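Since the structure comes first, as structure tokens, the remarks are kept for the end.
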């Protein structure tokens, strides 16, 4: 997906140019994993034009495999981004309808081949939101992956301005999520997709209490039996420039809480959740069995994402681990 | 329509940003006319979002009326532009499918009201190329205009990469063009749309002889009885940076030829034809009866367009007239 | 007025380019009002050159009427802006002497015609500061407006580096302000223009107590009998990047206080007062009789201005109202 | 003087930023001479603000002495530049009225001290055009220089949009030029300032014949007895991007002609004449007695100026001499 | 190698920023081949820092294999580029001493493994110019390649400002070139490296006659028996903006001449020779036995390179073939 | 030294351009002093190329004397800068090996002449870290300065990634520092260079207590008998965007503490220590005997540096004094 962002906090109606980069939920996760040294393949459908080619080149640049990408369709999806400040929110304007991925149909991708040597499959709730075809292909993938014993993870990623193809998230998502081993959501997704709210009622957007979301984890876990882990990212929005950031992980028995980071001068928060997911997958695969460490890696990695322009989280394992050790001082490295 | 152009001759696959401006056939003509001091209204359909709003703001900036623009639909059409150089051609990548104007339907615009005080209606062959709805609305407009005695002009403007909605230009255009008083085309349009070729065969793209196109004019005039004037722009392409530029006008009796300009260091040639049309309408309305002068104004005006970034021809009547008087020296004005 | 701002916190002596935009007290108020959907006309005098033309085009872009602007004079006024940071203040370098508006003379503008269908006239203390002619024309306008029953508002807007034409603000302003129905000032203007200080003495620039300024309101109200409302903006300057922002309104009986906003990451604070005035006029005209709501709208609107580059406050009524409802979280809208 | 140029051939009404640099006739000559290794002092009056300071810093950067610059007055003169292309001329918009130098008065500069160790004094016809004060100070300087045996040179530099202070160039210039040892003009100056035309009449702006201007040299020489050398620059304007460039020098007996350069892809032609003058002074001082070589150096140096952004001619003696030797091939130096 | 180029024809002493890209002789050839769809590996030594990493990412982006790149050493080589105009030449300032590749030693690269599945090995005369180590490693590679039956090609690429490590090109190159099957040089290399001059003496830099270089080919062929083909690029330098471009190929029996292209508005000529080599290798491998077509592909491909920013030739086979068919008109593709 | 910084918080691997400026420890101090009006000479060795020339031009621009700079050697040292944010640290990538200054040898600079009229000599611990030659020349300078009664100051400035030439800082620095009258270090230097730690152990990087460093001062003073004053800068690193900043000065008897500044929105912190040193030297020379005021000037001056792009502290004495008076409100100056 092409991301066209206005420069330096400009409003859309001021922009005489757009900064162009590429991104999108699953691609962002793939870049994170490739950065950490894992082998990844990004599977999608792209148009046979120079913009589609640019996506492939950018993925290659970040060492993400492009072997299973198919070409076809009319256009590359676009999202326009206006970066907010203080009490002015950022705005995302989606222009994804009729994109190559939106017009994908079941059977176009050979999932058997894709998963022939795969260990993990990740998808995000944005994909089934785009079109009926994308939802069907997503289901196809989840089923094939499950059948072949590939771990399946999802990020609920609810977007109210997508989901325009006829069915709603609550109608479509349960069946898909049921096939997942790992479920990630933010503090609002569970409510919007499944109607699952925290028991505690007096929460604010400014301060997010981890404890308030334990009940959400438990309910999700109960609803989706296959899921071994449920994870919730916790973003406190003090302002468009200042967020707090943390997360919790529930393994069915125990609730793990990560430290809370103060992100006081956000550079770019888009892709924060994807950076979390990328960190989480890396953590689970690397710190086998140590869910606390996996969670902490995910939170620290995505905390750093907020300091980087673009959708991709361009950090190294060493940088994440330094922050995990508590060094958030930002002292010059020279 | 949003125009996203790579900066400074960059290829699409190199671009980290796009220069954003707005343009499109009929809008470009309207801006020319408004610049020359004529009252204009631009009629179209735009999405109800910040990009649609930006189009309206930009039109207002150039004093083009926006009173009859309707809002609705999914998206603003986009075209991506890669500016070539020497023997590397410029590339245009259309992303106009499913735009608000593509999904227009007959009845959405109140043409009776639009033409209640209008003197002239101009449309371009790009509009019926976009979709069946756009073609129908175009027909609706031409019929209403004709009925109310409004002069109708068209620019054939053939684009092979549009015309994907089911019918071809040769199937659709004749009926529309038949309602026109003034027909403009470039040296290829007549052949591609109506199969009308010059009699002389040994023409090249590098040197364009005016005489070779007299036969095209005569055939067009014969085919479309209502048309009082047929005009052909003559572009010789020495390279992507260097074109020659002229035009001829046939009034059914006499062929008028304009001087040939050497445009040796092109800044931006997109919109050159629209600038010609804008100049022509101004010339016909202003130099009443003096078709030679009207033609010369059109050619000089559009010659200047090639030195200006963006689709719009930002020149004054005084600047065009100075060039008409033969001063192409480009000496500093201070 | 042309605004030439150094990019990205550069000092004047570092700048190799300037960002160019247009602005100025009354124009900024007009743009706010046009943005909120009100019909406005901006009355001024501009030179007959491309810079003057650019001002008109920019106003048209924002839907501000330009029907009463007269052309003439030597030059467009300029102000250079160096944006500060932390403890380094922003600097404004005025280059407005001998501008077209500075050399305006009484009689040049036909105020009878200007006010023939007007409901409200707003002027700012910057205008009479520029030159004797501008002060006289300002007086002329206030008198004509008053005579025709047009509401008159003013923003005291004291600038010590203007007022160089021979008379001082205390000599000129009282007569002008006496004709006003609405008087706006910041926490320093009343003292500098009329010698009116808060009763409480131990105020700081860092924290501004609303209560301290009630006495200023009362004294202003007493001094200017015609004024139905006196409003004071309250800016606490923690640093060049972080201000607090609020305001009070006194209607002769009751003091209304607005919430205090924490503007922790200022993008551009120039035009903040004008955005307040624009919001206030809109609020008074829209929430008829509800002065608390009008004040709250003014403060919220101008709070948002601090996040937008340029002099103009490019926000919608919906955006202001969302902030008035208390949502300052800046969460991404998508 | 501050130069504010629109980027990349933009028109004034398109510009969202201006490239800022410094320049002006005599300063440009001084920078040329300092670049070639000569000791220079630039004498002017600048405002006591950050823009005035920036001028001084920029002069120091180029090793031009600033010891005799006085500070005072209201503002720094500005000129806005829109760079043309092909048949669209560049435009210069002067905003120099009321600048510090325009408001200079006789006696402000201690010319005795300035010339105490000087060998050469150069002034340009732009200075007396600005204001009566500037003209008087210019006269003061010429007289003091002459008295002290300093060589005096001038560049006639006629600008029709200056000369607005009450007297015309033909009224003021003769007395000033009479004090000069070296007179430089372009192919139009002599006619506009003194009414001296070439004898041959059928000259065009496109091709400039050196022979046609011999008569102009002879008439100038006759009119100004003190002048030992009269030099005319010969610019043929094929288009805004393509000029031919040469010059002739008449020493009262012999006419020297320089080679004609084809400047086919102009980067920035402003300051071309000043670069010529700088080259000429260097040539005369260095190639003592070899006027042909001095002239050739001047033409080659200013030919190179057309390839450099900004008013200043940033070339070395070695680079000019390479071009003088006939190497105009532009092969990469590595 | 990091390329740091001043923007928009700026001189080094004007630059406040540098455009950063990556390039270098053999890398440029590899990118060309990868663009045309061939499998390539680029073998070099890069520092273990973020700049070294960026080189690898950029190569991956263009689909060039990085499997045999070794990491180590102190620094990445840099070259600074100032782009000339008209009669002002471009300047290259090398800062390559002590780079990782300069400090490479024999044995560091496992050439046996590199060539285990290779068909072609290409090196350029820049590599042995850098340091004794680089020359030795180059020799090591040529010997191993020859031993394994890999085709070896070289581009003589003489650079007088390199070759500072103790031996000169004439001392080092003959032994290396003797191992080559294909030898490429420009119109000066043969003379500077081997003292081989054209028989015809009155050649100029402006017009390059193909016939004049037949003798050079014959002498090279005679001197280097292994070489099956000798190729010479022919660049006529009209100015820094306008070059003519062609080439000849001699297969020991027959001289093939390519068409001459007029490159009238050069965007970036650095990498032109490498683009030629890339085209040539592709042509020889693709049009097996048709040397005329291979040569024509090479010349057309590298002609297009002159229109593209950066060292890399970002064109497709289809684009090159269109130019080979004679379409140099640069007409917009839409 | 050339500084190449990625724009707007970009990571090295994202950068398509670098902002270029010049800087380096002692040069930064010299610019500060020149800004405050003191006569300074910067002594170094620069290559004879355009980059070396640019350094000299930039120094001249800031009024720093360049009379004793020698030219020679291979290359200009470079440092690459990636500006961090929040918990992502800034990164400095040194590319200084084999620079002209690194390859300096004793005897190259005529220190007798340099110090003939000097009052103060300042050097930084970065210089001896570069190479053995630089260390030797540094020693040479200190000895000559001491002999001639010139005050000697040093900034310990420990950089772990330099010091690669064979000896370590603890081996080299004591002898050099022993010759100094004034010693400046940051809160880590004393430990890393001399193993001197604060007595109090529970210090953090976030909050720096002045009292904790009194012991460091005493130990330094004791170790280096010649030093009349020991100064330590105190930086608390809350994040990459937010530092606290202060300093202490110990004169052998009394400890002076400066106010602590909250630098909440850092623009550029590189050169902060040099700005402190520049302020300190100015303060000591100006406020003779008032060490508290000298220290306060140093801290306030360098606090302001954090708001300015580039290595140089472009502030005036008046601006520093305003901050010293306690006005950190950043209110617009107009």
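Letters are used for the chains, namely A, B, C, D, E and F, taken in the order the chains are written, and counting of residues starts over at 1 for each.
One rule holds for everything that comes next: contacts are C-beta pairs under 8 Å (C-beta built on N, C-alpha and C of every residue); 3 or more make two chains touch, one makes a residue touch a chain.
Quantities reported herein were computed from a predicted structural model and do not represent experimental measurements.
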Starting from the defined contact criterion, work out which chains touch chain A and chain C both, please. B, F
If each step moves to a chain the current one touches, what is the fewest number of steps from chain C to chain F? 1
Shared touching partners of chain B and chain C are A, D
Give the pair among D-F, C-F or B-C whose set of contact pairs overlaps with that of A-C by over half, matching residues by number. C-F
Pick out whichever of the two, E-F or B-E, is joined by more C-beta pairs in contact. B-E
Copies chain A, chain F: same or different interface, half of numbers shared as the threshold? different
Mind checking the centre-to-centre distance between chain C and chain D? Centres are C-alpha means, answer in whole Å. 44
Chain E residues touching 2+ other chains are 8, 11, 13, 16, 57, 91, 265
Please classify the inter-chain touch graph. Allowed labels: line, ring, star, complete, other. other
If we use the touch criterion from the header, which chain pairs count as touching? A-B, A-C, A-E, A-F, B-C, B-D, B-E, C-D, C-F, D-E, D-F, E-F
Quick check: in the complex, which residue numbers of chain A touch chain C? 8-11, 13-14, 84-92, 94, 159, 161, 205-206, 237-242, 265, 269-270
Which bits of chain F are touching chain D when the two form their complex? 57-58, 60-63
What residues on chain B touch chain D, complex-wise? 8, 261-267, 303-304, 306-310, 314-315, 319, 323, 327-334
Would you mind writing out the residues of chain D in touch with chain C in their complex? 4, 7, 11-13, 15-21, 49-51, 53-54, 57, 74-76, 78, 80, 82, 91, 93, 95, 97-98
